[in-house]
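Right, one structure below, let's go through it.
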Amino acid sequence: GGPGVGGATPARDPPPAPTPGRVQIEFRALAEQLGAEVVNPPGGELDITGLSALKDAGPGDLSFFHDHRYLDDLRATGAAAVLVPRDFAGDGVGRLPLLKVDSPSLAFDEVTRDFLAAEVPRVEPGVAPGAVVSDDADFDPAAVSIGANAVVGAGARIGDGSVIGPGVSIGAGVGIGEGCKVYPNVVLYDRTRLGDRVILQAGTVLGSDGFGFEFDGKAHRKIEHFGYVQVDDDVEIGANCTVDRGRFGRTRIGAGTKIDNLVQIGHNVTLGRHCIIVADTAIAGSTRVGDHVTMAAQVGLAGHLEIGPHCIFAARSGVTKSVPGGAPGSPAFYSGFPAAPASESRKLMVYPRRIPEILKRLKAVEERLEER
Amino acid sequence: GGPGVGGATPARDPPPAPTPGRVQIEFRALAEQLGAEVVNPPGGELDITGLSALKDAGPGDLSFFHDHRYLDDLRATGAAAVLVPRDFAGDGVGRLPLLKVDSPSLAFDEVTRDFLAAEVPRVEPGVAPGAVVSDDADFDPAAVSIGANAVVGAGARIGDGSVIGPGVSIGAGVGIGEGCKVYPNVVLYDRTRLGDRVILQAGTVLGSDGFGFEFDGKAHRKIEHFGYVQVDDDVEIGANCTVDRGRFGRTRIGAGTKIDNLVQIGHNVTLGRHCIIVADTAIAGSTRVGDHVTMAAQVGLAGHLEIGPHCIFAARSGVTKSVPGGAPGSPAFYSGFPAAPASESRKLMVYPRRIPEILKRLKAVEERLEER
Amino acid sequence: GGPGVGGATPARDPPPAPTPGRVQIEFRALAEQLGAEVVNPPGGELDITGLSALKDAGPGDLSFFHDHRYLDDLRATGAAAVLVPRDFAGDGVGRLPLLKVDSPSLAFDEVTRDFLAAEVPRVEPGVAPGAVVSDDADFDPAAVSIGANAVVGAGARIGDGSVIGPGVSIGAGVGIGEGCKVYPNVVLYDRTRLGDRVILQAGTVLGSDGFGFEFDGKAHRKIEHFGYVQVDDDVEIGANCTVDRGRFGRTRIGAGTKIDNLVQIGHNVTLGRHCIIVADTAIAGSTRVGDHVTMAAQVGLAGHLEIGPHCIFAARSGVTKSVPGGAPGSPAFYSGFPAAPASESRKLMVYPRRIPEILKRLKAVEERLEER
């Protein structure tokens, strides 16, 4: 370790913020690429050489503004140019060049991908040192990357373009689709199945035994779980999550569903398509969740429930009964513990605040009765 | 990866549900083995060739029924035969062959084990490629299996019949009993001790330092933790759990206790025997829990508590004080936050629902007083 | 596995509690080293040979007493000598030798470190078997220890005195300071930065992609996250935690902050210095937390909040709005969900208990009105 290794420490200069690279895009070319309306065009050429938040942006940086909470940051930003919504009035930004687009966040993401494509080294296909690959695993080493010290079990199949990180453990009979990213130290138990373009962040475990025991009067006897976990196309699962295998049959995560970190999915759960499950949520065994359901953070669902499509559960909802869904554009909102329609839960939360007033009025009534 | 690798995706045919195998058992032999009473005996020979849930079962599949919520599934099942409770009346199942047994779930599990024994390849003993084993580790390579890229530290001892998964990290001086299953990427810190037949699902960490600091006026000074974690016989711990080592002495999980995924056990906790700890529960340091205690999901216990035996804590209970236990067959129920006997907690939860009625009655009283 | 391997099981003798070693310190030398006032000095020489809790202590063991809840344990202890606070009256301990010190816990910790230094084998520097180290990784193999089967990516830099555990995955461009301890199977995504003396317990993941998606009307589109995680000097993070990288810029954990197990930190969060974050807490994206903030267990913070310095959040607080801080020695207390100043939350929790009384008084009033 030479000097500067510990450069992350606050007592010294902070390290240069890593940016995607030394690529550059000229402002006018960028406006054209994004179909943006330009406000405050720069006098001459303006090269965009970095990407940053409003607060941290410096010369050459492109940033974006999409939430009025950050208006002060916009007005004070050192960015070279900022992506803003089409309906942004533009007050108080002086001569700051603006690019008006439909979605500043998605436009920024598009530019990000251009920068990353030019800068981030592509993962090389092949089998890295230390990886232990079963003789009968089935993949094309010219099209798949197996990370250092990963383990690939008997009969596993991996589709083209998939990247398996270091230390990943892939069990026997696992099937992985095309274009998947499996980050380091993920564990896939035997016979787990991933669709295409699935992303698994580090440390996540798919296929652990369901939590099933029967008390025989003396001890809890383990119920064998021989099902599997199926993860459909375009699913992303965060870091250090756990998804149990079914007792038989499968635990299934529907296509396009996105799951945050430290989420627990019980055995034989079925999650619909395009759901959003935020951090620290736990779903107990055999519950079935419809499509387009959102669960904010720290939600809990009991087992054996039926959750309709297009539901939104507020953070910390504790769902103890099956609930009907909503419709596209008109979701059903639930909150509280036990969870109820959000309008009811809100009332229940507010009622107790009226008790001091009730006690005061009650005392006044009692005193008037005494007086007579 | 050839065609079909991505077969898990919904746009294509689902993959054949993996079943335990191509073994088969004749119906009458099965009835005899299980001591079952037969209803609707099949006309001729009937070979059971698979195991499935009522909903998914097809020809040749055995299924089971043990909960009246699934009566519709039973009546519509395509199973070849179904295990049912002895007292099941059998209405509406037509000519479906039934096997009446004491516990359909346990009987199904027994058949499962027969199928699995015949089908699932046994793990071969020996040390797999890439495993790094200390010279003075003590185990019989003809009786123990060490997975690929696992690490076994100095002085570790592993009992016969134990299976250590790929990527597992076993610290110095660890003791593992006989017949244990340690799934991939588990971490056992130095001197962790496992009894016999312990099961640790993937990614679980035993022996991390307890969370102990003392603020010296400027900074939080780390208190050294040099204790260890002891896990007794027949314990199962789920995936991605954490159990901290004691500051000194041990953190102990009692025999037969079963722990679900993502559970946190603090330093110097003692868990009794035959407890059930469901997902996302956290138990703070030095708390002592009696035998036969059940904690439903997302429970929290403060530190330094004494929890009596035969308690049941409802989901999301937040336990802030020591509580007395119950007796076999007559457990003490607690719920709520702060946790109280469940009857009290229920009342406290229901009271606020009476506030609208109270306000109405109060208004009526006030108006009558005004009228006079 | 020879006899005794399964010795951890309760049916047999418990294993000898592992102690830091066979070192010994004479009582009077110890008193001098600690600047302790001696009560009940032993008659002759007294060698301290072990360290233990009051309850478990035996001949030769030093223990400590710092909390009156453990007075019974002190009076019954089998310890050879006990560290006590300077103001301890000493009743009821008979002839037990006592060492009065400012902080019994810190004094005990000091002795612990002496014992451990003499006993625990030092980790040898160098690269262990099976580790896969990039050619251009930058560290001094005579001053750094890389564990078995660890992976060190391109351009990673590691400071002197740091110990990287087995199975750790270090991404490209990661910077690690001096004197860090990274326990087994930790994952550091590309460009993660650790200051000096950082401790990461096993299974923790730093740098996973933030949970950011935009719904395009049909599906949730992933927002690229290319920021990084910066962990400043003297931070400790527990086991199986997750810290997401920033969308751009960094997620930052301030110097001296200590984080327990299974904690989730969202993308672009900034945690101040010297914070204490207890187990199972989750902090959503872009929230900024001041210095010296304490979060007890199972706390949740919404995203985009500003939390002032010197706040204390009670266990299970659910923080939905920005809150002002306190001052050194006079922290701001919050509790409840939604979190409010603790005095308010306490009232709101107590109010419903008055409803039975309210109903009784209301009934009495109604009856008196009827009577007339």
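In this document, chain identifiers A, B and C correspond to the written order of the chains, with residue numbering beginning at 1 in each.
Following the convention adopted for this analysis, contacts are C-beta pairs under 8 Å (C-beta built on N, C-alpha and C of every residue); 3 or more make two chains touch, one makes a residue touch a chain.
Everything numeric here is computed off the predicted structure, so don't read it as measured data.
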Angle (degrees, nearest 5) of the CA superposition of chain A onto chain B:
120
Same residues or different residues: which describes how chain B and chain C meet, taking over half shared numbers as same?
different
Chain B and chain C, separation of their C-alpha mean positions in angstrom:
26
Two or more other chains are touched by the chain A residues 130, 149, 167, 185, 203, 240, 262, 280, 352, 355, 358, 362, 365, 369
Mind pulling up the chain C residues that touch chain B in the complex?
1-2, 4-11, 14-15, 17-20, 51-53, 56, 69, 103, 105-106, 109, 112-113, 116, 120-121, 128-130, 147-149, 165-167, 183-185, 199, 201-203, 234, 236, 238-240, 256, 258, 260-262, 274, 276, 278-280, 297-298, 315-316, 352-353, 355-356, 358-359, 362, 365-366, 369
List the residues on chain A that touch chain B in their complex, please.
130, 132, 138-140, 143-144, 149, 151, 154, 157-160, 162, 167, 169, 171-173, 175-178, 185, 187, 189, 191, 193-196, 203, 205, 208-209, 211, 213-214, 216, 219-224, 226-228, 230-233, 240-242, 244, 247-250, 254-255, 262, 264, 266, 268, 273, 280, 282, 284, 300, 302, 304, 318, 320, 337, 348, 351-352, 354-355, 358, 361-362, 365, 368-369
